[in-house]
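Next come two complexes built around chain A: one with chain B, the other with chain C.
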Partner chain A sequence: MTTLSTSPVPAAPAQTAGPGAFRAGLGNIALVLLRRREVQLVVAILGLFAVCTGLHPQFGASSNIAFILADSTTIMIVAVGQTIVVLGRGIDLSVSPMLGIAAVSIGFPASMHNLNIWLALLFVLLIGIGLGMGNGFLVSVVGIPPIIATLATLTIYGGWQFIICGGMSVINIPAVYTNFGGANVLPGVPWLIVIGAGVVALAYVFLTRTVTGRSVYAVGNNADAAFRAGVPVRRVLFTTYVISGFLAGLAGLVYLCQIGSATSTSGSDGNTNLMSIAATLIGGTTLLGGRGGPVGSALGAVFLSEAAQALISFRFNEIWDPAGVGVLILIAVVADRKGAPVRQLFRQPFRQPAKAVK
Partner chain B sequence: MSAHTGQASEAGVLSADGAVAVPARARPAGLQYEGRLLTKSFDGATVLSQVSITFEPGEIHSVVGENGAGKSTLVKIMAGIYQPDSGEVLLGDDRLAGLSPRSAQHRGIYLVPQEPALMQSLSITENLFVGILRRGRLRFNVDWASMRREASAYLDRVGLDIVPEVKAEELSVAQQQLVECARALVHRCVVIYFDEPTSPLTGKEAGTLFEVMRSLRAEGYTLGFISHRLDEVLAISDRVTVLRDGAKVLSAPRSEVDRAALVRAMIGRELVTRERVRPHFDATGRKEMLAVEDLTSQPSFEGVSFNVREGEVLGLAGLVGSGRTEVAETIFGLRPTDRGTVQVEGRLLEHRSPRICIDAGLVYLPEDRGRHGIFAEVEVERNVTAGVIPRLERFGPLIKPAPERQMAKEATEKTAVRMTSLDTLMKALSGGNQQRAMLSRWLLAGPRVAIFDEPTRGVDVGAKDDIYQLVAQLAGQGLACVFISSELNELTISCDRVVAMYEGHVVAELSGAEITDASLGAIIVGAHLR
Partner chain C sequence: MSAIATSPAAPRRARVQTAGRQETTWVVTVAVLLVALLAYFCLAVPDFRELGASGILALCEQFLFTGLIALGEALVIFAGEIDLSTGAMSSLSGIVMATLWQHGLNIWLAVVVALVVAALGGAINGLLVTRFGIYSLLVTLGTQFIFSSVATAVGGNTPPYNFPKSFVNFAGTGTVGPVPDQLIIFAVIAVVVWLVLARTRYGRGLVLIGYNRAASRYTGVNVQRTLFSAFVACGLLAGIAGIFVSGFYNAARDDIGDSLLLPAITTVVLGGVDIFGGRGRMSGVIIATFLLGFLFQGLLIRGNSSLTATMIGGIVLVLCLILKIALDRRAGVRLRELLQRRFGSTQEAPAVPDA
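Here is the complex of A and B:
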């Protein structure tokens, strides 16, 4: 502590943790690292893997690893968008129909007219951006609270997906799509997860190194202060919803490649909304905004996929899956010691005084 | 309605016959209520120190003082909202320990808050009786009829001519305040505090409130009144206590004090007057950096004009509510402008927003650092660079980390922020260091004009001096500074010129040696009106 004597505040370890906490001792470094949610998740993922493989050797097979990773990719990509919205102190409940609309909108031309996969990519991104702009408009221009605005678009977009399908389902996707969805770079490493990792990396760079990305943290942390510091708060919020839509659109294509079909309930049936929020929370991003990041959310998505797979290998019926996700969310929120107490979620946003540490 | 039934059953326990659920706390009006050696600090800053005060039945006892003198804290301790760090409160001969707002109400102590806290979508009857809802004959139903009858009687008593069925949201602020007052009576409270009740009211509305207070006094209630409006205090009080910097400096019967004595007590300083931070600087003839012309934003202020020249520190003096902060916020584009202009370096700024002002070279250090300034959960480095994110050195679209860190490092060194590292979270810093970090944020923006709103608020004494020095140093480098403060001595030692505001108007401009604590103090409390 003596090295910190210049600080007038009795340094609280939890708050000075991070790159700045250079207190000596490997044990301390390990402790500091373990306080990071990302590290905790890696430990949890590897630990669960070790336990499952020990009990069921086939759990460790490269095909199973590839399945878990590919399975997590859709949620991972959506969760990254969700994370960006949540960092700005918002929430996007319309990710499932955005994913679904993207999947069916390219699914039909792909199955009937053999749509080129690159064109399909362009289309899903444009669709996602368009739908995201709808949410962004409602939240940042009209000024509707995010949870209400996106609850409305959840229904609107969901209905739209139904109309697009017109009672039909997308089947017989060209092999280009499904081959890509099933291909591995290396044994156990599917191409899909490479895309997911790329999205996470781009999101990380966006959030930490670009003007808009940095502003997201400021707006989520204290919108009043951000506005007074000259940050264009509304534009930043708008952008977060557009990005969420964009990534949900991309996830729609990934979904199509992986599953090979799409229906009027694609996205909603896999509970994409809940899963993306779960991955975000488990990944250490708080619903109060301004703290967290996409790497944790990505690991959260992998962990959720792995846990689901573990339940299956222990012969639990998969109807236990949602309950398991719920328990994991609770654990993640309770374990978030640094975060504000849960009751703060129920306080009026933007009016919460940020107190100095006592 | 489940909440009501729960509360009703609780009240029912206290009631003997079940019909009238008024707890056995009803007592004759008039109890002496005393606070002894009360001390309270927040975040290490002492806001109340060893204050003893006695409220007598049948008296209106006013507590006055400047902003931050500790008036509200004192009353909140008396009403059980805060726990004192040391000291005790005695009601009659009983020592009350571990008081909470609820138990205080049970003992007959009520605080009418500054902003009425009624449940807006409930009826006045429900608002009055919440917590002690009456049970009807069937034991589980609510006896609305009797409550309504009684509510009408209480409303009459506080001079409110409204039907008790209306919802609270339909009432004006003044009416809601009277309902709060009626609520105190319904709950059989005999010690009633009013925390700056008149600030949201018009003169006439305040008059009605005073009538009610006088009639309660006549019935022997114990009344406490907080205000910084001396006219009101002098008109209504039987006894006046003055707090300054958390300590009691005067307590006397109304007949023994006059306006001048109160002003002296409120603003009087320690015998050693602090020296000026730098000699008076006469900026006549220097370049005009900020020109505000006829600026108006109703209802806060009207027709405000002033200018600031290069290298000059202009003070903006006035009580809270006089419009100082509102003027600054309007200049910075945070409030709508009804009319008037703002020019920075001769350039007219239209459709002002923080971004436009910052880019024009005008920055505003907000009064409420926690709410409007810092990003508590973010590292110091990013807090410091937050005002200039678009100007950071970039490679393509990507911000370069190294130059940013260097910038933050230099800026925090300039203002001597003490912290473990630039990666420390902002919330881990003390108030003074947070303020320094805020100053470095604004220095990075390369301002030509800076508005400092209460820059030393929530900052300890040593750090205050550093902030004065820093402002003087910046002015010495040519920065045009506007210094807003409630502490007159700060203005006296820092400013070259002071513009004083009262009730939304500029009422005086002092310069050079005319600026003294006494002259400022007299003006901001409205002495010129006599």
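Here is the complex of A and C:
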């Protein structure tokens, strides 16, 4: 759980224990732990689960747990890619059509020619890498701001997805895919979430144990300083977008296995873009870059999925679903703000020297 | 002695002047592109040519609401912030207007109430940004979800349609001679917004906030209040756009504004406004509204599907940005400098822009 280790302000203990003194104690350790977003999320997930199960016992059924976890997997995988981009102080608004293109371009051969699932995996990954390279090129080679570059590719890739479909939808996916999408390792633990967890673990290792991964944090914290320290800033940024595309492609296959169909609006209709950003933010990664990690985002995705189910079990009309997500984002952001210097949020793209901003 | 002391400042001033010229160059470029586009469609697409002048003017009704949102969005972007909730805000204002009218309120009163709601929504965004100090991208990402939920809840299963003829005529499809009402109203609002931004103390302060927040505070700009008002104006303009959309389609829908947000931001960027604030011209945004709108409508008339047209819009955006970066580069801004401005910190505060 050292995802936050690059954060320059691990000042939490000093605040709880008063100036200059750090008293080790059980209560203190618990307080310090509770300041970690990952821990907060685990508590929130378990707490919500306990409350819902207490009020509606069927909420705790293993089939419901399996549904929540499987439902969160697509967003989880996309959110991990989004997190890596955001850590480098970028943003990827094109994940939804990348997911959609991957889903439809293997969906058609799968339903018509019974495409082997391993070949399908290879294809989605290649497609994802290709599309991600497009984003990486625009951001790190051409130099277009990420939010604009990926806004443009959002429309371009979205149009392409539409063209690939040509007015048709993917139906009748071979049973290999849907069986895999519905299969459980243990009661309540679907195979899909195992894939999701694997992705999170790999991303964690990548970000904390490889030179490129550490460089993502460095670039996100201060690209100028990173450049002067010899980090190949452009290459690192390029890599983050390729990874995001790669994972969006993988998520396309997961989506196909779970849903069993795909259309020209797959990805966009589930609000994949915003949900992945929401999971990232709720997971404690800041849009300023350089702080956060994939574990929080994965937990954020699970929490979002669980909250949606909870709203349903409390008989809320599903039209309040988006509002729930919105409130969660605002809560997460306000909670995050408490720790960080507010002034730092003032000017997102430039980190002004502290004295200049007062 | 004094020559030595002032010499470091000289290149910076030169660069600031170049920046001003670059902005003008870009506005001219966008205008030339617009003329070229219209010429191309008139020459190459017979269906477009046969519309005639009044038909081409009438096409404006299809995209001017995007332009209204873009004007408000530009105000916020000039100040270095962003508002992602404008699309949902348009839906909400349309739905509020329609629902109140359905419940027997006079339609014009309903319009006023809807605009007040929209301004209040903008005020919520502004409050969260200025008082709580949360970055606007996050605030408006959250409120976007909330506004659209409220719109769905207020609208119910079958949102109202078939408004009174006088309203549809005014806000939707009415014309004065060959000129659509919408175009006249858009022109008035656009000129007002442009004058406020370019010719008033308030407007210059707003741009300065985006250029250098610290400097704007030192020069006496009330940063919090100015930012807050920008968000209110943005919400209000999105609300007006929502009324126009509802009038044009003669129906209110809870998702009607969702498709307007991205084109609006595209318009602002195409108009040459720096997405990080502080640079650009409002006139560029106004021209870009027509460039993007005619591009889209022309492609539809040529027989392209709407998604293909959107895709071509994206490609045009990328090409325009590459062109802009190339022009900037020729004017002396190096790519590494651009990347640094985008991704890195600069030790010295950037210079204050002229005019």
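Quick note on the criterion: the second predicted complex is superposed on the first by the 317 of 358 C-alpha atoms of A that agree within 3 Å, B and C clash if a C-alpha of one lies under 4 Å from a C-alpha of the other, contacts with A are read in each partner's own complex, and residues count from 1 in each chain.
The rule is short, and it goes like this: contacts are C-beta pairs under 8 Å (C-beta built on N, C-alpha and C of every residue); 3 or more make two chains touch, one makes a residue touch a chain.
Note that the structure is a prediction, hence the values are computed from the model and not measured.
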First, second, both or neither for A:R291, with chain B first and chain C second: first
Which superposed partner A:A225 touches (first chain B, second chain C, both, neither): both
First, second, both or neither for A:A50, with chain B first and chain C second: neither
Touching partner for A:I171 - first (chain B), second (chain C), both, neither: neither
Touched partner set for A:Y217, first chain B, second chain C, both or neither: first
First (chain B), second (chain C), both or neither touched by A:M112: neither
Superposed model, chain A: greater residue contact from chain B or chain C: C
Contacts of A:L33 with chain B and chain C, given as first, second, both or neither: neither
Touched partner set for A:G326, first chain B, second chain C, both or neither: second
Shared contact residues on chain A - chain B and chain C: 222, 224-225, 227, 351, 353, 356-358
Parts of chain B lying in touch with chain A, wherever the complex brings them together: 43-44, 332, 334, 354-355, 357-359, 364, 366, 370-379, 382, 386-387, 389-390, 392, 397-399, 401, 418-425, 427-434, 441, 458
Touching residues on chain A, where the partner in the complex is chain C: 89, 138, 142-145, 147-149, 151-156, 158-160, 162-163, 219, 222-225, 227, 233-234, 237, 264, 274, 277-278, 281, 287-288, 317, 319-327, 329-330, 333-334, 337, 342-343, 345-353, 356-358
Interface residues, chain A side, partner chain B - complex: 4, 6-9, 11-12, 15-16, 18-21, 205, 209-211, 214-215, 217-218, 221-222, 224-232, 290-291, 351, 353-358
Footprint of chain A on chain C - complex, ascending: 80, 82, 128, 132-135, 137-139, 141-146, 148-150, 152-153, 213-214, 217, 262, 265-266, 269, 275-276, 305, 307-308, 310-315, 317-318, 321-322, 325, 335, 338-347, 349
